[in-house]
């Protein structure tokens, strides 16, 4: 019964989220909000991908900005220069990102903890420099245009596409972390030496997690290109890796709702306070410090803890009453 | 203000998509100042009149931090939330992506592009106006000045990135075409590098006569200073992003001896009488020296308002774009506005404003003649 | 009885120190072997060498005749040897039952596609894992703690959980490094009983211990190390009376 | 040959700055385990302090060095107290988020107060020539000064009671408290020393470049890489790594390509970590 | 010398010490018995300041110390050899020991003498003086931990299961050493799993269960008590 209640809640949530564009699409400014939501959901997919490797497998990748860019460019180039239909292009772009992710993972996953973070950061810097300098690849100042088929011209259409992929990404991540494979991921996060001692090939497991994670971030990149309609080399900037990390930790790592809540919340906040100019970064910075101090497990983690605490209190009084 | 006419009065919003935070914030603010000055002047005069309606202007600025992704979002927000259809943008890397979205049906907007990169070279955009002259126009004169001084060997140390690379390759082609030699190349990222010595020693080891340098003004000044510090005695060819007067403030004129670049803005008064007053007006209001950005954007906005009048519309962007070519507009010249103007290249959308080179000789900026590049 | 594990001339040096020095011994299947010796004798190092977490400088380890020298820890575990650590190692923030699921992971095959598509194999293995977890929880007497994070368990329950995690992978041999270190008298008895049960269930045990009384009752065979060298081996009585063992380790024979 | 020598010297000078910043970071990141990404911004504050003290206050350069070190250590202590101490006991990566927050706050604040880049004059505005190398005296000051402070720090950490106490505290807080070490005071002291080193780097480097709000952001990235390459917590590693990166960059500009110098330098660093997964001096995991 | 009055402690949500009162006189060797999880280690931590009691007072030589920080309490002469050793794993043995004498930095020659005494007690520590503590074997680490807690020349020494993981011969030696230290004038509070061994050297003892003191008496009384025999001595 309880389980059905939960699913009913999720279904209701999806219905509400699906109805939003119907309301917003009536005005021009509503259309802009649709666009902001769409972008936020794309970033949320990227954050979910980081959640897999960092939140669940415990490896802090700082290269996800680069992989997002690689996915976006792969998609843009397939669509624009090769002339492939967008759907196979999206899959191809994700596969290519996953493959490159695996190549990067091979040397870098030999390292652990901060070493891994720095190796991936170095990798991101390199990718950024390469995209900056290879104008034949990145399109230089004009960037890379990405033309969408006419049925995706309307913002609400892209909103539904992205929403669909976001739900898919959440489901995929859920399937993985609740599975036996997921228990291997979590084991490595918890205690890598012990995992090895009980027969888990930690390198292969991490590599798999990283590759899947890169597939997802490549997908987010493709959707990014689809939504923006235009790309340039700055999309590979390592600042985006930092942002993904911020979204994830503020939202709540190793939870399924955390990445989505953190990303959508912060992305929206940053968009809304744009009007106050440069000082928005001051406010944003303060928010980061305060939230991380008072919600070390992020917003969702904190809420969960509170919920558990409240529940226990309830049960305890229940016991007394008996 | 209400224009004093009989009809109604409407406020027209103009968008500015510029770096207003971070390294290039000062640059964005110069642009902003030019537009603001023009708007204030027009509004104080009662706005522009089309039919019975009086129109005044209001500037909406949005910070894009030179991040294209952000610029695209800002543009969308301008168009959709504010109903804006004219957007000013002063950085080539953020204009490029916007050229991909500004013709979308129902969401058209006119890009007022402040960039010397001829972005239209790879395919014109029907809804874009480009203000400063394309950078390539200076090259023949600069090369002449340089080679006239007997400097045939150049070392290249301009900024990296797409803009710098474009400048570099254009320059290199022109230079070697004119019989010069590129003896060494060590471009540096002017936005992040704080010490250019390693680049400089590398280039100087090849004994160049002249250095091709430039990026934002401050780091460019540092390059010059460090080059002199390393004992370099030759000249500099400075790309148009760097302003020689700002550089002189930092390095002093002595270090600038032999520098070739774009004429400092105040010397523009030699050719365009209105510059003198404009310079003073700016200094009174903002308490610092005016820049080309401000002067050109001011002029550009004035021309825009004329184009609106010619088009008899403030929101039909295609008509406004066409209005730029209207005879009424092209009479304007350096007598009324601080920068000379002779109409528009209707095909590319480039405003026909001349550029002027200079060379520092014996501690003074010796100006060249304004280059009327559209006539070449 | 057949030989399960054979160690030949195993040697490990740390700088100038020879922590394990040409050690030979055999463990026959179904037995309980105890390793004793003074502190720093090289007992834990010996376990690390067998378990693969460090590589030997010389010598050979064979499991059922198969050379496993220099294998990575996870391969050794899959080959049939699991272990516990001297300072109890657990997946601390995870619930007890998840610790066991992880321990059982090497007996299951389902991978990415099973997870995504929830294939029959995934379903079957999940069921199988649940069954095994319940069984081991019962076997080690940890059922009451099943949902608690492992790190919050009492000392002695943690020790038992560490053994349970090692057992659930169905090894042929478990290596227990001081399973009763820091455990009180009554609880020690519980762990002794558990070790007996493990042997009875057909798993060979090798244990490092300092509690001689316990060893004397439990072990079939004792190996004594000192300065990395095997100084004695044999049945408990003979080792206990061995003068070199008494001098280096026991002080007096307890039995 | 003299060109190569020249380039090496410049590499060493670049490296000197890296080493000073990286050494402070080794203390904070390698020893206290705090991802203090705002360390570069403390360096930036140090440069502004120099401007205030020397240019506005008219104080002598060397005295200004001392004042800046003192003032910045206090700033470091404040940062530790206000931002990082409340985070103690949380997952390590959380300090990274707080640091990013701090970066945004500091940079916006400084730019809000003074948007323009500033210059600081050189204390000795001369050049010197030696073995075909011709450069500013200030660069010599950087090189020699860095060596002096490196030695001072080494002696402090390895030879003094307080230095060992810092190391001890970083390895086991409870154990440290039990032998009578005031752990809070030690964390504060560590921050004070680390930021004082950042001040040294800033005071040495400021006359050679601009003082601007973003001057520290690229530097800190490199410092992090250096600390990790050298092996976490290893001073030797930070020193070697810092000079290595400086020389690599200088040589990459000279012999490979200046546009790809980061690609080359960071590429080499990736290779190093692929060979030694815990850094050159095999710091802890 | 040490007096606990109705001390209560809470860790997280668990009450781990509930109403413990005990006195230790100058020069005594008192032992603390109790099953796993009874709260022995928590009590030690409370005395040495790592845990602040929620209620009750602790006095050392007449001075209240229950609100003091651990480093202050060490300075007063109370030293704890903790459960889990809490060594500095990447410092050498010598530096670990020198850190033990952190509070005695003014007495260079005295510390050197203490160091020599400890080396005599555990020769292996001198042999390996430059080895990093983290690479020592379990038992070697325990010796180092005891050595370190002695370096500050405490007047009250708290030993939390010092024989943990030590070989029988060493355990014997340690017990003798503790007796020796006590005879030298240091008051000792000792917790042990090996109750018979602990009782054999101590003068008095307390039995702790679930955070309460359930029994106290002289060593001989306790050793004779049936319940103690059954639960902690066996056979």
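Each chain carries a letter (A, B, C, D and E) given by its place in the written order, and its residues are counted from 1.
Definition applied: a contact is a pair of C-beta atoms (placed from the backbone, for glycine too) under 8 Å apart; a residue touches a chain by one contact, two chains touch by 3 or more.
Keep in mind that this is a model prediction, so the values were computed, not measured.
Shared contact partners of chain C and chain D, listed by label: A, E. Shared contact partners of chain C and chain E are absent. Here the chain-to-chain distance from chain A to chain E, counted in touching steps, is 2. In this assembly, the chain whose C-alpha centre lies farthest from chain D is C. Among the remaining chains, the Cα-based centre furthest from that of chain A is the centre of E. By number of C-beta pairs in contact, A-D leads over the other of A-D and A-B.
Centroids built from CA atoms put chain C at 41 Å from chain A. Averaging C-alpha coordinates per chain places the centre of chain B 75 Å away from that of chain C. Chain B and chain D have centres, each the mean of its CA atoms, that are 38 Å apart. A straight line joining the Cα centres of chain D and chain E is 42 Å long. With touch defined as above, residues shared between interfaces to two or more other chains in chain B number as follows: 21, 25, 160.
Residues of chain C in contact with at least two other chains: none.
Chain A has residues 133, 278, 281 in contact with two or more other chains. Under the touch rule stated earlier, the contacting chain pairs are A-B, A-C, A-D, B-D, C-E, D-E. Per the touch definition, chain D reaches chain A in the complex via residues 29, 35, 83, 86-87, 90-94, 96-98, 100-105, 107-109, 111-112, 221, 224-225, 228-229, 232, 259-260, 262-263, 266-267, 269-270, 273-274, 277-279, 285.
Chain contact summary for the complex, chain A toward chain B: residues 28-29, 31-32, 35-36, 39, 132-133, 135, 138-143, 145, 153, 228-235, 271, 274, 277-278, 281. Contacts from chain C toward chain A in the complex involve residues 51, 53, 72-74, 77-78, 82-83, 85, 89-94, 98, 101-103, 105-106, 108, 110-112, 114-116, 118, 122, 125-126, 129, 165-166, 169. Contacts from chain E toward chain D in the complex involve residues 48-50, 69-71, 74-75, 79-80, 82, 85-91, 95-96, 98-103, 105, 148-149, 151-152.
By the touch criterion stated above, chain A contacts chain C in their complex at residues 172, 175-176, 179-184, 186-187, 190-191, 193-202, 208, 212.
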